[in-house]
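Some notes on the structure that comes next.
A, B, C and D are the chain letters, set down in written order, and residue numbers restart from 1 in every chain.
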Amino acid sequence: MSVGTANEKAFASTLVKNSYGKSLVRLTKINRSGKIPTWKEITVEIELAGPEFGGCYYEGDNSKIVATDSMKNTVYVIGARNDLNSIEEYGLALAKHFLDDYKHVDEANIRISEDIWSQIPIEGGVHPTSFVKAQSDLRCAHIWMTRKETKITSGIDNLIVAKITNSEFAGHIQDAYTTLKDTHDRIFGTKVEAKWVWKNHKADFNAGYEAARKIMLETFAHHHSLSAQQTLFAMGDAVIAKVSDIEEISLTLPNLHRIPFNLEPLGMDNKNEIFVNTSEPHGTIRGTMARKK
Amino acid sequence: MSVGTANEKAFASTLVKNSYGKSLVRLTKINRSGKIPTWKEITVEIELAGPEFGGCYYEGDNSKIVATDSMKNTVYVIGARNDLNSIEEYGLALAKHFLDDYKHVDEANIRISEDIWSQIPIEGGVHPTSFVKAQSDLRCAHIWMTRKETKITSGIDNLIVAKITNSEFAGHIQDAYTTLKDTHDRIFGTKVEAKWVWKNHKADFNAGYEAARKIMLETFAHHHSLSAQQTLFAMGDAVIAKVSDIEEISLTLPNLHRIPFNLEPLGMDNKNEIFVNTSEPHGTIRGTMARKK
Amino acid sequence: MSVGTANEKAFASTLVKNSYGKSLVRLTKINRSGKIPTWKEITVEIELAGPEFGGCYYEGDNSKIVATDSMKNTVYVIGARNDLNSIEEYGLALAKHFLDDYKHVDEANIRISEDIWSQIPIEGGVHPTSFVKAQSDLRCAHIWMTRKETKITSGIDNLIVAKITNSEFAGHIQDAYTTLKDTHDRIFGTKVEAKWVWKNHKADFNAGYEAARKIMLETFAHHHSLSAQQTLFAMGDAVIAKVSDIEEISLTLPNLHRIPFNLEPLGMDNKNEIFVNTSEPHGTIRGTMARKK
Amino acid sequence: MSVGTANEKAFASTLVKNSYGKSLVRLTKINRSGKIPTWKEITVEIELAGPEFGGCYYEGDNSKIVATDSMKNTVYVIGARNDLNSIEEYGLALAKHFLDDYKHVDEANIRISEDIWSQIPIEGGVHPTSFVKAQSDLRCAHIWMTRKETKITSGIDNLIVAKITNSEFAGHIQDAYTTLKDTHDRIFGTKVEAKWVWKNHKADFNAGYEAARKIMLETFAHHHSLSAQQTLFAMGDAVIAKVSDIEEISLTLPNLHRIPFNLEPLGMDNKNEIFVNTSEPHGTIRGTMARKK
């Protein structure tokens, strides 16, 4: 480590953790190798760590610093070299670059999110090179790489779904803090955030992503929900059951409440038809499901 | 007008315009009349105007004030009575209510936006009562009603599209302020905001909306664009040509630039493949197309 | 106008309105002319209109088009030449440039917002060249210029204030849609949006802005409010009364409700102490006050 | 644990982690005990964990579930009982409530953020009961409590600052991926996120917060910065040196670049005066400083 003890002595504190990098690097790549051009749009974050960066914190010694501007350049250079088949493969290439080229980097974190575009429907099919953002959700990946280990976590963010029947919530604790009554027919709306850990880095990332998304949507659709927790578990468990490349999955489901509007003071009866769609407060349900050993 | 001249004299200014109302009233309605429940989720804004509200501004005399809390209640009460076949029909009912019930209201503005949900795809079809937010765009309507006139404007907001070929921009003014060069193959990405005026209030609002959205998407897909302006005009003109209920359409197209990344200083050549996706600054193109008389 | 009748004939519609420009152009200018450097940070939007741009919409003829990229360049070039004493003076210079240099431009709209920074408080005063964002509000200006007329509108956006006493709301209409009861002590919280029109373009824009902001804050603080409308009028009227350069002012005040939480079902009494701070729905109160003639 | 082995057997996965709670619960409390009313506005998140919640995930058994609606009620009930002297003390009371009342709760997380209001300046002082949001930053706290341990982390979020001189960046690695040149006078703008860990739960949380905020601002103002990392360390180290109640502090400083605009192609010289203020991409610098033992 480049930091002299002499200098550290001057301080009241010790730097026990450090990292730095570049966020919100946006890359659009057009692939012109086939008959028709195809494309991807991604947003990349790079975060590097290692004890030798300490000199920069203690003394402003930048001699070991890969400028965050250079990291930005690297996103485009590796983006030009890599075929971007999946964000996971591209992220692995980026992480490897930083560990290979800079011996004092101990750890690289690459976080990528991908906008999902669909070809525009036209008479008799879809247009090959014109696109519409037809999903609210993003595809995400996080590559964590050290000189000994690599962990690849992928996921989906902002997948907005709702079911207007087959959702109950009853039998919860009734005490001095409770005013909520049992309900056997409520709307269950949520915004799925999923993160799954791959078995290894030889997985078929694209097929796994497609499968996980489809399975979560279908399970959410079919599940007779006794609680948001139960539906969360069912969704995660179904992914584990059907996608052998995925070892563990974490889900976060906000419970975006639709609250029955009280029409009684206005002389009407609300037959479970009129609701107030709210954003705050909301429930937040979290769970991590791991493949049984 | 309820405001005494005596009081007005005390002030340096005259109230030349006023309005008030309730914003962000969110209504979810489940319709249970058919075999399977259906639903809609909308956000409503009510804005009322009339000279008799002046007493509230000058003197704090609330005797003519429909509380904004009562406006909120009204959204749910009329929402319970109306079948919500379209946001336009519901908005007309709301506007009419305020003019009918309060003789001192001169003008009612009802603005509604609707979240668009799709049934979740499952094995062999779609699930009838489970939904995914599968469009980035919102459907919107604005009802402006006075005792003499009604104007219905509908639209689409946040329709995010991009075409990765068939877009040029060349031949613009070259002067001391210009650095942009001609390009004959650029990405054209935008977020369509459309507002159209209906011929009358007997239009088939749902069919017109579906047609306008489809025509704009198809035109954007097929158009060989010499400029964002030309594509904007082509989109609006196609709607006017094919939807006889629509008299006028205004479009706003931000030009969400993808800028070629300069790989030269990094020793590489950018063969029109690597771009920076930017959000600021962006072009903004506007136009209003009216049916020829 | 460059558009041949032959081509227009091909279309179902006529372009009845058009404009285009560049949005979100962000300029930071350091002024190094004094002993210590000073700075400003502004965001600029340029929008130009004129019938000769029609050729671009109808035919993709860009020969009259000032590229929006050139407009962006112009923000920086004029920013380098102008001392940026006020956003109004800078905006006037920008508008004039577009009308002077391009004879086919009929109308220029320049919209500017300025971030407000304060020097960081240090032992014994403030630091001359280090700043903290110590206001939630933005200063804004809109220059509308044609060859015949100029209108300068300035304003404040996002000025977040609240008063926790001296606010009542009572005596409103009670009918079948009303559930709200009279209150004589409520919290009144709002986010002021103000826009005022200057008498002419020789006004002291900086002094007028400082005065208008101070007067609105003081009036809001002192006013015994019988309604949001009355407070809005008092604020605008006070500006008109005290700032002779301002001819007219428009205010929009959302009523950001704090709703008493019902503690009764939980066995407690709410002595006007416990509230739910809400963002949706909210009241929206608007008014325009003009100087008496 | 209430979950029968029989049922767990049916699943492909095991629930290895779970938690749930209520987010975005907004509380406004007016304290009317003194001569003039005072107030606080906070947003609360509650998150509970414990193995006995597993039955709800596996089987939809809600018998151990504290409804998130009851958690919301609790925020207001404890809010009415507690004097809210600091968000830390209130958060401790909330966390203790959940562990005391529900024996199957193993862990409670309470996250609170507080809006900071200032009394409105008026002639001769400030108004006692009228307020303006005069800081961009929020005060935050996180209480993590188990039956054995309590950890209190407090912080500041969104503290937006900039220094327009005394900031350099030079001597970084120059290689094939580098285009950035050395600079000895740049703008350094950032948005401070700070989180500090208290020595124990008897600290003077309000005084500690005030001190930490003041010290960070002053250090940022005075520091001659050789890198964002060095300034980050200086800010954290100063807090550790001067606030004995704080044991550790973590800072995240985005580097919100102001990039010199290239005026050369436009025939002008940029004398370090004209910059583009950007939001993406940006650097992100992180560090944790712990008191030396």
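As a convention for this text, contacts are C-beta pairs under 8 Å (C-beta built on N, C-alpha and C of every residue); 3 or more make two chains touch, one makes a residue touch a chain.
This is a predicted model, so every value here is computed, not measured.
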| field | From chain C, the most remote chain by mean C-alpha position | value | A
| Using CA atom averages as chain centres, what separation in Å is found between chain B and chain D? | 36
| remark: Averaging C-alpha coordinates per chain, one finds the centres of chain A and chain B separated by a number of Å equal to 30
| query | Taking each chain's centre as its mean C-alpha position, how far apart are chain B and chain C in Å? | reply | 21
| Junction residues of chain A - those touching two or more other chains | 26, 73, 77, 177, 179, 266, 278-280
| query | Chain adjacency by touch: line, ring, star, complete or other shape? | reply | complete
| In the complex of these two chains, what residues of chain A are touching chain C? | 176-177, 179, 265-267, 278-280
| query | Across the complex, what residues on chain B touch chain A? | reply | 26-32, 37, 39, 41, 73, 76-77, 79-80, 117, 120-123, 127, 129-136, 159-166, 187, 214, 217-218, 220-222, 258, 261, 263, 266, 268, 270-278
| field | In the complex with chain A, residue positions of chain D that touch it | value | 11-26, 45, 47, 53, 56-70, 72-74, 77, 101-102, 169-173, 175, 177-180, 225-230, 232-233, 236-237, 240-241, 248-250, 254-255, 279-292
